[in-house]
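Two complexes, one shared chain (subunit A), two partners (subunit B, subunit C).
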Partner chain A sequence: MTFWKILIILAEGAGYTILVTIAAMVAGLAVGLLTAVLSRLHRKYVDIFLDVYKYIFRSIPVLVILFLVYFGLPGIGIRVPPFLSMVVSLGLVSGAYLAEIFRGAMAAVSNNEMMAAEAAGLKRTQIFSHIILPQMFRMSVPGMINEFTSILKYTPFAYTVGIPEIMKAAMTLAAMTLRGLEIYLAAGIIYFVIYKGFIMMFAAVEKKFHIPGLLVE
Partner chain B sequence: MALIEVKNLIKNFDGKNILRGVNMELHEGRSKVVMGPSGCGKTTLLRCLNLLIAPTAGQIIFKGNDITRPGVDIRRLRQDIGFVFQHFALYSHLTVEENVTLGLRKIKKMKKKDAVEKATYELERVGMFDHRNKYPAQLSGGQKQRAAIVRALAMDPAVMFLDEPTSALDPQMSREVVTVINKLYLDNITMLCVTHDPFLAKYISDSIVFMHEGVVVAEDIAERLFYDHDDPRIRQFFLSVIDHR
Partner chain C sequence: MNVFLNDLIAYWPQILMGLKNTLLLMAVMSITGFFGGIGVFYLSISKWEIVRKWTQSYISFFIGTPLLVHLFLMYYGLPRLGIHLSAFTVCVIGFTLNVSAYNARYLMTAYRGLHKSELDAALAQGFTPFETFRLIILPQVLRLSVPSLTNQVIQNIKDTSVAFLIQYPDFFTQMQEIAAVNFQFFKAYMTAGLVYMAMVSVIVVAARKMERQIALPGLQT
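Right after this comes the complex of A and B.
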């Protein structure tokens, strides 16, 4: 079996890796954004709940959360399919980190601009959607890229719940051929290519939405 | 009837009396400048007048309605007041044109085409049309302040509030902005401006209100306040600000 053939076999699992990464990114963004928005309400009990959530999900390893969701929840009668388990686990962990990134970016939005918007007569929801949110997203880009690459690097855990992604394919192939060095090297190359692809995509998005003097360089 | 009438306005912050019974009037088509030493309550007064800061006591009558009474539509009131800030406060993620059209579209509910037309007209008035597609970070201080003035002016407010519009600018940029505000003055735009700048005050005001420690101590035309006033507090203030220029 040539190295090229190994690459092709492993690349078949890359589809799942990309799918899990994108789905977890979307889930993480949704959770992170919701958390950041709720934290702006400054309600005592909401804040406590959000702090506990962020603290827990940033402290416990993803694999533990994944096992809790996939292997633990059936114990109380909740069966979560493998793909959903992976997306929920990664989404919750990633959301906890993204919430902090968003919180920092929101704090960086100029108070003067918000006061000007208020003085002009814009509603709070309009100030949030037209002033805070667009700036927050732009200022969060470097942090988001960091977080999304972390998600990609967590995706190999998907093999533990039976998702046939790159690592699952690599382990099966290595067990059959005993050519671990080439196979895992090939897996590394494929992850690198995916990583590079995502980075190029993010860079294009960053460039498109770049605003002079606003983005954190 | 005055457009704005302020009666015995008081504002306390953490036990400190910032405004200690301010009384003043502003009539439609007139321009008034508020001057006084730092900490005398000028900016607080301006912010109380459009309820960015809630007054502790007193009355503000705007267009015949007491806006300090509960239940007043604050957003509706603010649409009638164009506010220009010392540090420009342009929305940094929007171009100059978008800064101007945001309020027109979201508050006045104008169609995009109409909002752009209005913005174009106002930007041309102050020589900012060529800069319409630039972001705030790409503008000089004077251009930023002119854009901020246009943003406020485009909403066709009943009155313009200007909070130290030239104090963050160097003399040349300051002159640019004074020229623009002077043009508004000559167009009979109702204005209330807070400033330390006697040059600006002289060229944009019908009268100057002098505040000291939270109260209005004098109101007169520039020439009579600036030079050899009987009140030592006023004389001292203008001696220092005029000398420093």
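Right after this comes the complex of A and C.
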């Protein structure tokens, strides 16, 4: 079997890897945005809840959370299918990190602008969607790219719950042919290509929304 | 719960050994990754363009590919070349390569914030390039990167859980085994999660303390 053949076989699993990555990104973004909205309420209990959520999901390993969701929850009567377990676990973890990134970006939005918006008669929801959100997103781009890279790098865990992605395909193939070296090397190359693809996509998005002359650290 | 507690007590020596292995791996890779990161950072600001390019490729490859692939490659792939490494060795090498790439990137970010005129001044004073690196660049860059570097240590302790997938008997492996015996998966993983949270909390507290200690009064970063 040639190296090329190995690459093609493994690439069939890439579909699932990309699917899991995108689904988890969407879930993470949804959770991160929700925390951004909730933090604008400035309610004490909501803030405490958000802090606890961020602390828990940023300090427990993804693998432990995934196992808790997939193997643990059935013990208390909740059965979660493999794909959903993966998306929920990764979504909650990356949501916690994105919450922190969004919080920093929101803090950088000038207060004067918000006061001006209020004086101009904009409602709170309008201020959030027209003043805060667009700036917050722009400033969060580098952090978001890092977070999405992490998601991609965690997707191999999906094989532990039986999702037939790249790693699962590689393990099956390695068990049959005993050529682990080439196979895992090929897997690495495929992951790297996907990573580069995502980075290029983000770079294009970033360029589209980039404000000329505005430097974001 | 009582049955589960009894099991925890019965398996206590095993759990303790797992914790020891987890902490050992975390400590080793944090140290090797720290020095590895400095080494990679040194190469990435080399005056040779080819060295800079290769270093950038190295960083980009290890940041762009999953750690699990590197571990599997060494653990299941290398024996074909007649190289048999223990799970611990594979973890240390794999993690060091990864953590070094990340640490080097943090140092690079801090380096970009330095005043280049300072480096010119050092060269004009007769410092050799290596002395400039050791005495001017490194102390400032390290100080600026403390938050990122300590975050990486937190990431390290969480990432040790991956080692269980190549049969390294870490803490998570032990909890896994207990769960496999009494079928209390939910409680076992909850306990594991709480223990990881506790370990992370200790590091967070220590990191904050260190940040306060090395902060330069009045220096805004």
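To be clear about the criterion, the second predicted complex is superposed on the first by the 213 of 217 C-alpha atoms of A that agree within 3 Å, B and C clash if a C-alpha of one lies under 4 Å from a C-alpha of the other, contacts with A are read in each partner's own complex, and residues count from 1 in each chain.
To be clear about the criterion, contacts are C-beta pairs under 8 Å (C-beta built on N, C-alpha and C of every residue); 3 or more make two chains touch, one makes a residue touch a chain.
Keep in mind that this is a model prediction, so the values were computed, not measured.
**Student:** Please indicate which partner A:38 is in contact with in the superposed arrangement: first for subunit B, second for subunit C, both, or neither.
**Tutor:** After superposition on chain A, A:38 lies in contact with neither partner.
**Student:** Using the superposition on chain A described above, determine whether A:113 touches subunit B (first), subunit C (second), both, or neither.
**Tutor:** First partner only, subunit B.
**Student:** Between subunit B (first) and subunit C (second), which does A:178 come into contact with in this model arrangement: first, second, both, or neither?
**Tutor:** After superposition on chain A, A:178 lies in contact with subunit C alone.
**Student:** When the two structures are laid over each other on chain A, which of subunit B and subunit C touches more residues of subunit A?
**Tutor:** For subunit A, the partner with the higher number of touched residues is C.
**Student:** Which partner chains sit in contact with A:211 here, subunit B, subunit C, both or neither? Use first/second/both/neither.
**Tutor:** First partner only, subunit B.
**Student:** By the touch definition at the top of the document, which applies to A:192: first (subunit B), second (subunit C), both, or neither?
**Tutor:** The answer is second: A:192 touches subunit C but not subunit B.
**Student:** Is A:72 contacted by the first partner subunit B, the second partner subunit C, both or neither?
**Tutor:** second
**Student:** After superposition on the shared chain, which partner residues are touched by A:18: those of subunit B (first), subunit C (second), both, or neither?
**Tutor:** Neither subunit B nor subunit C is touched by A:18.
**Student:** With both complexes superposed on chain A, which partner does A:131 reach: first (subunit B), second (subunit C), both or neither?
**Tutor:** In the superposition, A:131 contacts subunit B only.
**Student:** List the residues of subunit A that touch subunit B in one complex and subunit C in the other.
**Tutor:** After superposing on chain A, no subunit A residue contacts both subunit B and subunit C.
**Student:** What residues of subunit C sit close enough to touch subunit A in their complex?
**Tutor:** 61, 63-70, 72-73, 76-81, 154, 158-162, 164-165, 172, 176, 179, 183-190, 192-193, 196-197, 200-201
**Student:** Across the complex, what residues on subunit A touch subunit C?
**Tutor:** Interface residues on the subunit A side: 55-56, 58-65, 67-68, 71-76, 149, 152-157, 160, 167, 170-171, 174, 178-185, 187-188, 191-192, 195-196, 199.
**Student:** In the complex of these two chains, what residues of subunit A are touching subunit B?
**Tutor:** Residues in contact with subunit B: 110, 112-113, 115-123, 126, 130-131, 134-135, 138, 211-214.
**Student:** Which residues, counting only subunit B, touch subunit A once they are in their complex?
**Tutor:** So the residues of subunit B in touch with subunit A come to 50, 52, 75-79, 81, 83, 85, 87-93, 102-103, 106-107, 135-138, 148, 151-152, 155.
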